[in-house]
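Heads up, the next two complexes both have subunit A, just with different partners, subunit B and then subunit C.
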Partner chain A sequence: MSNEKEYIEIFDNNRPLIETLCSALLNKERAKAFEQFKSTGFPKRDDEEYRRTPIDKLFAADYGMNLGRLPLQGSPADFFSCDVPNLRARQEYIINDSFYRDAAEKSPLPEGVLLGSLDQFAQTHPELVEAYYNRQAQESDSLAQFNTTFVQDGLLLYVPRDTKLSEPIQIVTLLRSNIEMLSNRRLLIIIDQNATADLLICDHSSNDKQTLSTQVTEIFLRRGAALNIVEIEETGEKNSRLAHLLVNQESDSRLNHCCITLTNGLTRNNIKVTLAGSGAEAHLGGLAICDKNQHTDNNTLVEHKASHCNSSELYKYILDEEATGVFSGRMLICPDAQQTTSCQTNRNLCLTKCARMYAQPQLEIYADDVKCSHGSTVGQLDENALFYMQQRGISKDEARHLLMFAFAGEVIEKINIEALRDRLHLLIEKRFRGELNRCKRCALCKQ
Partner chain B sequence: MDNLIEIKNLHATIDGKEILKGINLSVKPGEVHAIMGPNGSGKSTLSNVLVGHPAYTVTEGEIIYKGQDLLALSPEERSHAGIFLSFQYPVEIAGVSMTNFMRAAINAKREAQGLPAMSAGDFLKLMRDKRALVNLDSKLANRSVNEGFSGGEKKRNEIFQMAMLEPTLSILDETDSGLDIDALRIVAEGVNKLKRPDTSTLVITHYQRLLDYIKPDIVHVLYNGRIVKTAGPELALELEERGYDWIKNPQAE
Partner chain C sequence: MKKKSNNIFRKIADKAYEYGFVSNIKTEIIDKGLNEDVIRLISSKKNEPQWMLEFRLQAYRHWLTLETPQWAHLDIPPIDYQAISYYADPTKKSKDKQNKEIDPELMKTFEKLGIPLEERLALSGTAVDAVMDSVSVKTTFKEELKEKGIIFCSMSEAIQEYPDLVRKYLGTVVNYRDNFFAALNSAVFSDGSFVYIPAGVRCPMELSTYFRINAANTGQFERTLIVADDNSYVSYLEGCTAPMRDENQLHAAIVEIVVCENAEVKYSTVQNWYPGDAEGKGGVYNFVTKRGDCRGNNSKLSWTQVETGSAITWKYPSCILRGDNSQGEFYSVAVTNNYQQADTGTKMIHLGRNTRSTIISKGISAGKSQNSYRGLVRVSKNADGARNYSQCDSLLLGDKCGAHTFPYMDIHNDNAVIEHEATTSKISEEQLFYCNQRGIGTEEAIGLIVNGYAKEVLNKLPMEFAIEAQKLLSVSLEGAVG
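Moving on, here comes the complex of A and B:
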């Protein structure tokens, strides 16, 4: 039986269970997504988009799914602690695929801000959720349909117009299970007109079981809204992550996104940004630090649909041992997108002969008055610089760390959440020194 | 007195091509030796071999430094043992600030000496004091190593690093090239201020003018991978007047 057949069957058999445990709204979108998934199945081996990251075999393993939504024993505090020193942030958890309602005392949010379980809000605020949920994901690929088919909960953040969140919000997604597990997470983030928010999303795994997670994050930035968002993945060799980040930007909105893959197994990040209103700005950053057999694939699409928009991309990879990096970056400038500026940069360090980098920039321009550029390089550490440092007494290992750190620093410097930048510098340094503790506790806290 | 360094019959190759063809050279503590010679003679090769550059292979001979086999030491160990090279072409290191670079260097040396890392306050004070020695702008100290430095600034930065690390044996590979007369004076005075009775200097240069400031005890001429002439400081003056041809073609005398 092919892998999708198995999941189609699982869904058919469990549909009543899934649906009774979930809001009508999620179920309505689920029905549409399931039909789509049934007709397409998983991306196939000959699918150009997934050529370097074959998907179907990832689903071959025998994973458990928590379709009955059995609650987790204990609280995240029992097995996880992360308060990101120096970063005052409000913390929320998504454990496996459900929003975790913790009892912790939290400072009140500004009036009208909604933060909590997606499924709950689908029941209490159906007009809001209906207006946004699955609007972008339904246009996305079959993995997104798979996610919508099985998703039961996740997190919703709504920031009403003219509201500025003073404190960053940290969302920790945790994988915890004592069996091999598949979980499907969902995030829906709506920043209304002229509102702003800072968001940190930490993806952790807290066990050594093989896991696969799909994650769909839909973001809507209304006119004049601004969002800084940093995603940090700190999972393990046995964890696979298939993520979609879908962003729709209205006029004069600003997005600053940075995706850091610190430790992982296999990661595919699909990032699609639609600049739908004029004067919108999107800045995307990515840093992947991979060794062993780790595999990181960032696939971006920035679609300029309106005039006077500005986008930039900077993706950097440091690949050691037998790691693989993939970067596909597509910039699509539609006919109406006059006065576009758009640049894409991809820089890669391959530290060994066995490390592999596949880079594929694609630029499609259908407007005439635009400024676009892209460039991609693969290199090694500068031997002359290494020797220069050694002559000054710095060991070769330390010299390598300094160079790698300098290379990574360029991405970190572009992050707009200042307190986080310093912590990230330390965290990355630890990663290079092999001091990152990948279990139970967030490395951010262990400094 | 014992030699600080003794180079015996040193042969070295790069990419299979022999460049050093039997160098003999001894330097005593406190001495300043000048090494002169036309371009392509092997002066930078000798410097690089002394600091353990991996591109060069020593095929014959030995180097005894402070009584131990220098060739057995890694480049960083040689640095910890007090050998410093002011590079002919200092390397630009994008993204690594001078401050972080120097902190790593100082603390690596201290670690090798069994000392704890220097406190942030002491380190910054040290940076300030040594910067003053070569008039290095504090703005440069905040920039990436050598990045965007002018030729003269790079050379001053080399001497600044030398001041920070207080080496026993300093090798200055054409530290005067590309310097105007004021910068030359600053660099030379910096080197002289760092001089102690037990430290030695190898000054590689084409020109007498640096030697007006840094007075050599002994002058060698390196030609075609060998030291072909050794004499007192007057040799440098003679070379300034007559050039190198008479050394290249001794039979033409």
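Moving on, here comes the complex of A and C:
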């Protein structure tokens, strides 16, 4: 039996259970998505977009799913503590696939800001959720439909007009279970006109069981809104992540996105940014540091639909041992998107013979008054620079680390939260020295 | 200024396709349709040995199992393969008369195209194999070349006279299983050129093939095989045209090149098939598989192409860099105008050590055309020290055309150095203004800028071709800048 059939059957059998535990709004979209998923199934090996990341196989394992919404024992503080020192941020947790209702006292949010369980807000604020939920995901690929079919909860953030969030919001997604598990999360983020927010999404796992998570993040930036968003993945070798980040930008809005993959098993990030209003700006950054059998695939699509928009992409990969890196970046300039400037850069370091890099920077341009460019390189550390440092008494290993650190630094510099930037520098340095996995909140990290 | 330059270009764009005439030549055309009997008929008409027939049938049976490829950034209308005649022979008349003279009408056609078949009239230093529809009409300078041991003849002749050589190399670079159009070509190919340069010989003149489609409702399925033995050198040119017709014609060719140790092959194409009219009606579908295998160490293969014709182009001249220190080059200028579509590029497969490849692709799109570059650079695990440099630039002339870049890089080695760059832009107002200021008219200025843009590639063409290509560029481009 093929894998999709198995999941179609699971859904058919458990539909009443899923639906009774979930709001009507989510169920309405679920029905549509299920029909769509049924007709397409999982992306296949011959699907151009998934050529280098086999999806079908991922679903072959026998995962458990928490369809009955059984609550998890204990609080996240028992098994997780954020190791970014001096980070002033409001923390929220998504454990496996549900929003965690924190008992702890928190500073009040500005008036009108909504932050909490998606499923709950679908019941209390149906008009808001209905206007945005699944609007972008329904046009995405079959994995997004799979997520909509099974998703039961997630997080909603709504920032009303002219509101500026003073401190960053940190969303920690935690994977924790005693069995092999599949979890489906959903994030819906709406930044209304002229509002701004900083978001930090940390993906963690705290067990050694094989897990698979699908995550769909839908972001709507209304006119003049600004959002800085940093995603950091620090999961384990047995964790697979299939994520979609879908952004719709109205005129004069601004997005800064940075996606950092430090440790993982298999990661596929689908990032789609639609610049729908003129004057919108999107800056995407990505850094993947992979070794062992890690597999990181960033697939981006920036669609320029309106004039005078500006986008940039910078993706860097450092591949060690038998790691695989995949980068596919597509810039699509629609016929009316005149006066577009768009540039894409992809730089990759292969450190061993067994590391593999597949790069696919693409330009699709239907307007003439544009300036678009892309560049991609695969190479090694500069021999001359290595030699220069050795001459001055820096050991070869140290010199290598310094150069790699500088290579990664270019992406980190784009992050606007200072405490996080400092922490990432430290994390990356440790990662290069192979100390990251061994670090169990040592003295250095606790400071 | 915008309006003015538009007008200038519309004027030039209206200039008809120069080579669109039809020659009135009595041509033997077999019935339309494709089945095993048709393949047997083609094979028997060409008096082929049994192994050749089997090669064709095997390919045909495989083709039946395939589906038309849809992955390219092209909008290909469905092709009815049963509505095409697979063999048209314009030399029939002369054969009937048992006469060695070529039909004067045929001679006239090629003269009109600027390809004189009389050796005394020919451009000095270029030997020509002229192919019309399914048959090679004449090959010039054959005797002179033979003295040096060089074989330059039509494919049909080669199968008769050098069956061992053909059998040894045919289908070894492009297997009939390679793709849909390769399978179709392997089943029904009619004529093309065969070149063999023996070891240590530097071919004293440019070899060239001129392809012409004349008959209606036919397809051209040519097959070219070039073998450059150790330490040899050859420069090969290819040109093509077709009459203007309202219906589309199919051209599915295979070019195979084998480059042995220390040998060098330069392959240049000026493709000027009929591109269809301003409304996108008619034109040739150009679905071609071209590939060279640099088998020997220190071998070198260089592709240069100027693509201005065809309604749809689907073409990826590739290099397999198998030998150590082998080099592959690809220089391309692809121009699309009106409703033309092109999806073209190259593949560089690095297998040997210290292999190098260079890709320079210049796309120019105008009118309502779509122009894509699609390329692959693969570095295998053992290709230590591989080096690639790719540059793909696109120039947009007009706001209704598209320019796309789809490069693939598959790197499996830690000491490869791969660079890819692409830019897309239009001719800037500043550049035009600068020229205007200095008394250069807008029309001339655009010609100047475009020629400068394409120069890097045009410089790689052999002398006679470079001039032709430059002229071609200025004609096919226009109607576009705004």
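Assume the second predicted complex is superposed on the first by the 435 of 447 C-alpha atoms of A that agree within 3 Å, B and C clash if a C-alpha of one lies under 4 Å from a C-alpha of the other, contacts with A are read in each partner's own complex, and residues count from 1 in each chain.
Methods note: a residue touches a chain if its C-beta (ideal position, glycine included) is under 8 Å from a C-beta of that chain, and two chains touch if they have at least 3 such contacts.
Everything quoted here is computed from the prediction, not taken from an experiment.
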Discussion item. Under the stated touch criterion, name the partner, subunit B or subunit C, that contacts more residues in subunit A.
Written reply: C
Item to complete: Examine A:N13 and indicate which partner it touches, taking first as subunit B and second as subunit C; both and neither are also allowed.
Response: neither
Practice prompt. Considering only the touch criterion stated at the top, classify A:L363 as touching first (subunit B), second (subunit C), both, or neither.
Written response: second
Item to complete: Could you say whether A:F407 touches subunit B, subunit C, both of them, or neither, answering first, second, both or neither?
Response: first
Worksheet item: Once the shared chain is lined up, is A:T124 touching subunit B (first), subunit C (second), both, or neither of them?
Response: neither
Worksheet item: Which partner does A:L351 reach: the first (subunit B), the second (subunit C), both, or neither?
Response: second
Discussion item. By the touch definition at the top of the document, which applies to A:S166: first (subunit B), second (subunit C), both, or neither?
Written reply: neither
Worksheet item: Following superposition on chain A, which residues of subunit A contact subunit B and also contact subunit C?
Response: none
Item to complete: Within their complex, state which residues of subunit A touch subunit C.
Response: 48, 335, 338, 348, 350-380
Discussion item. Under the stated contact criterion, what part of subunit A meets subunit B in this complex?
Written reply: 382-385, 387-396, 398, 402-403, 405-407, 409-410
Discussion item. Which residues of subunit B touch subunit A once you look at their complex with the stated criterion?
Written reply: 51-54, 74-76, 78-80, 84-85, 87, 90-96, 100-101, 104-105, 108-109, 112, 144-145, 161, 165
Response to the item:
Listed in rising order, the residues of subunit C that touch subunit A in the complex are 71, 73, 381, 394, 396-426, 482
